[in-house]
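First chain written, first letter: the chains are A, B, C and D, and each begins at residue 1.
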């Protein structure tokens, strides 16, 4: 799907606040960024990182007072397949070395604590079917409800609360997959048809030689997701990290089908 | 220091247990592995990973029943400097991109929760002096006492318990440094003069353009540490990770000054 | 059922350790203590507390070095009815004032966190049937397995771990009942036919004007339980609380059918 | 001090919400309620509980839609002494039986986890001086700052956060005192000179044969505190507990010096 994405972050920053903004679409052979523009106001020196091995990029800058970041891009998300139930799970010994880290517990995904539950609940299924069972369980047992969770909420808390937002749904999904020996990683994204429009959090699992993107919230089509950041959990893929406390004024996101260039 | 290290892990494994062993000395220009031998009994197919960007290596295998891993090496740890109080702390914008991940909270190091405490307690110092103040605080306020902590213990629990082992000391140190915007990462090591001999856990901080190794337990000289694994916390650097529960029979570690080859 | 109960606690105490022992059968019109003997060796001054409003008693003493407590009693547990599904749940406004405290969360029973889960899972049932559904859920979803939990384990952890011992089963049951607005309290007990013999932890719910004893572990018949202590959770009903760390040497419990006096 | 207290609670209640309101001044020989008025609008049937052994009272009712509770009273707080450093701590064996429960950990006061810290930090002092040292430590190390804590925050979290409100300060104080074998209990209160006016949370310790009221926030004079509820922690002394979620419209509290009746 060819999409036009735009985000605008307006903040009031404390003096000399360092920021890391992760709002640019990732670049890869599967996700083509046809054009893009990043603008920070007031004009400051910007350091561009990446693309790293995941195609992920972010920018660093130092800001103070009112500040605005705007990112606009035309992105073709290519053909993104739905996870089939039949794809198989790898033995550890078969996994690429750089995938192993996504088996480990992380700040918001304490998978070491969920081995008993996950094995009991999902032990019968395997491969893609197992991940689909995890997604179904989350969708059935957890309510999408803003206001229950905050920046400290980890998957264990969401498992008890039975409510949360996209970030919490993903953390729980990642946690259960890792507890089942399936590599899983967090992905931040622009999401076409997400209502209300916002940054979205989904995750990816490694099965049958590749990464598959899934969305436990079912709030937006997988094909219309534009990958931004990739990491172990939300600690790695926040759209904005700041060295000092700051005050958000407004965060606006829009994702639309891009006008077909051929039509011109 | 030129050291002769040896570890022997004897376990009773469940059938078809996959293992990841991280017991090989890391290789780098600062730490020269002059000779080494890794042997797994019974003989099985071994997959060797790495060295990665950190010079870290591990082996993967599938085992069942009684199994023994033996690693022996002669390693020259080179010249490893003590952290000077004067080295300066970087602004985020100055850090290499691959260092940024060591600012994030992780499974055992929830640094996001310690910003208030760390700022209050260590806000006046800066750079190397700040890290030395963290180390002094830990040494003064936490008792080295086996049996208090377990595989689930994170730095928040150790901060309350005021007791733990080398792994807990390091987690607390890493947590406080990250809360102060200093990149910090976990390091597993062989440690000369550690009594009783065992795998050791220390950490590294990034200051003034480089990584500095520190040991909040003060149990062994920094110069005699042989780096094995590097990661965000113990979740990444366990000497043995297994896909199924297994029973340790014995874990033996020895580190001795290597006989000078020139003497022969 | 008329039972002969005996417990023997042998400990090595630190000098000047104060103890509170809660090992005496509670006295009430439903549970008749026909004879009993409490002996502490070495001979020390003993303070006997109670019976309080619940019929609960405990003894206090100061001990040092090796110490032995022996309690023996003949107790008639009377007729103790099984919880019927039909008994009704009270509105708060109908509850006796001294029952209200058993609606509040406590150290090991953070019921405030389980309202969403409990309402979702057990909201359809009511009264006795609701409590029976809670018991069935615990029995089905949690494994009885020693070694998973310790003195710090609360019901939230057990809910995630899906394993524990009688104390953990009861904490989870109490937590879920309170989250459903049903007063629930912890009861420590001697248990006939418990194998291996040990102190047992069960709980009571307040429905239809009275307290009903239930056992989520199903390890011993309700009719053969001899009530000892009553409280909010294990923090209140430990069989031995000490002011200083101490070392247990042996804890022996036996419960047998009492010989019929009429036979003499 | 003779005080005129008034509280007005306006809520939007879900239909058929049961409430327990704990806003009446406690009655005792030390705290004389000279006159009082409690009014609930709309007019509903009210159940008055107490005074219990602590002189504590609360009212129960069932409400739906908009509802207002108003309480007004003239209370003489009598002579309330400041805790002297010299009062002595009791051995457990000397404590009245009904005081023992205030040694146990509770929902918001997990004192079992703080024995090491408390002993290390306050082990040298004893009796009143020890409690005063705890209060000084809290005042020095914890910031009074609204917005950091919420209804789930326990003393362990506050110990890490180093910030909170009166309720958190009291929970931490209670926790540390219990960890030091000093009975401690939560007290809710009207507080003269508290700015801005609100319900206040303080605590009491049992030393030298009696309960002493202390306030770790130092925000209001001890002599001007009107005791309302007494319990193990905030779970027991909330000014309003409801069986269903409800929406506060306004909570207004005022405490003024009462006009001297003799002036009439």
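Everything below uses one rule, namely that contacts are C-beta pairs under 8 Å (C-beta built on N, C-alpha and C of every residue); 3 or more make two chains touch, one makes a residue touch a chain.
Quantities reported herein were computed from a predicted structural model and do not represent experimental measurements.
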When C-D and B-D are ranked by contacting C-beta pairs, first comes C-D
When centres are defined as mean Cα positions, the distance from subunit A to subunit D in whole Å is 44
So, in whole Å, the Cα centroid of subunit B is separated from that of subunit D by 47
Rounded to the nearest Å, the gap between Cα centres of subunit C and subunit D is 30
Listed in rising order, subunit A residues that touch 2 or more other chains are 113
Contact graph of the chains (line, ring, star, complete, other): ring
Pairs of chains in contact here are A-B, A-C, B-D, C-D
Contacts from subunit C onto subunit A in the complex sit at residues 113-114, 116-117, 120, 141, 143, 156, 159-163
Residue positions on subunit C within touch of subunit D in the complex are 18, 20, 47, 49-50, 52, 60-62, 91-93, 97-98, 100-101, 104-107, 109-110, 112-113, 151-152, 181, 231-232, 235-236, 243
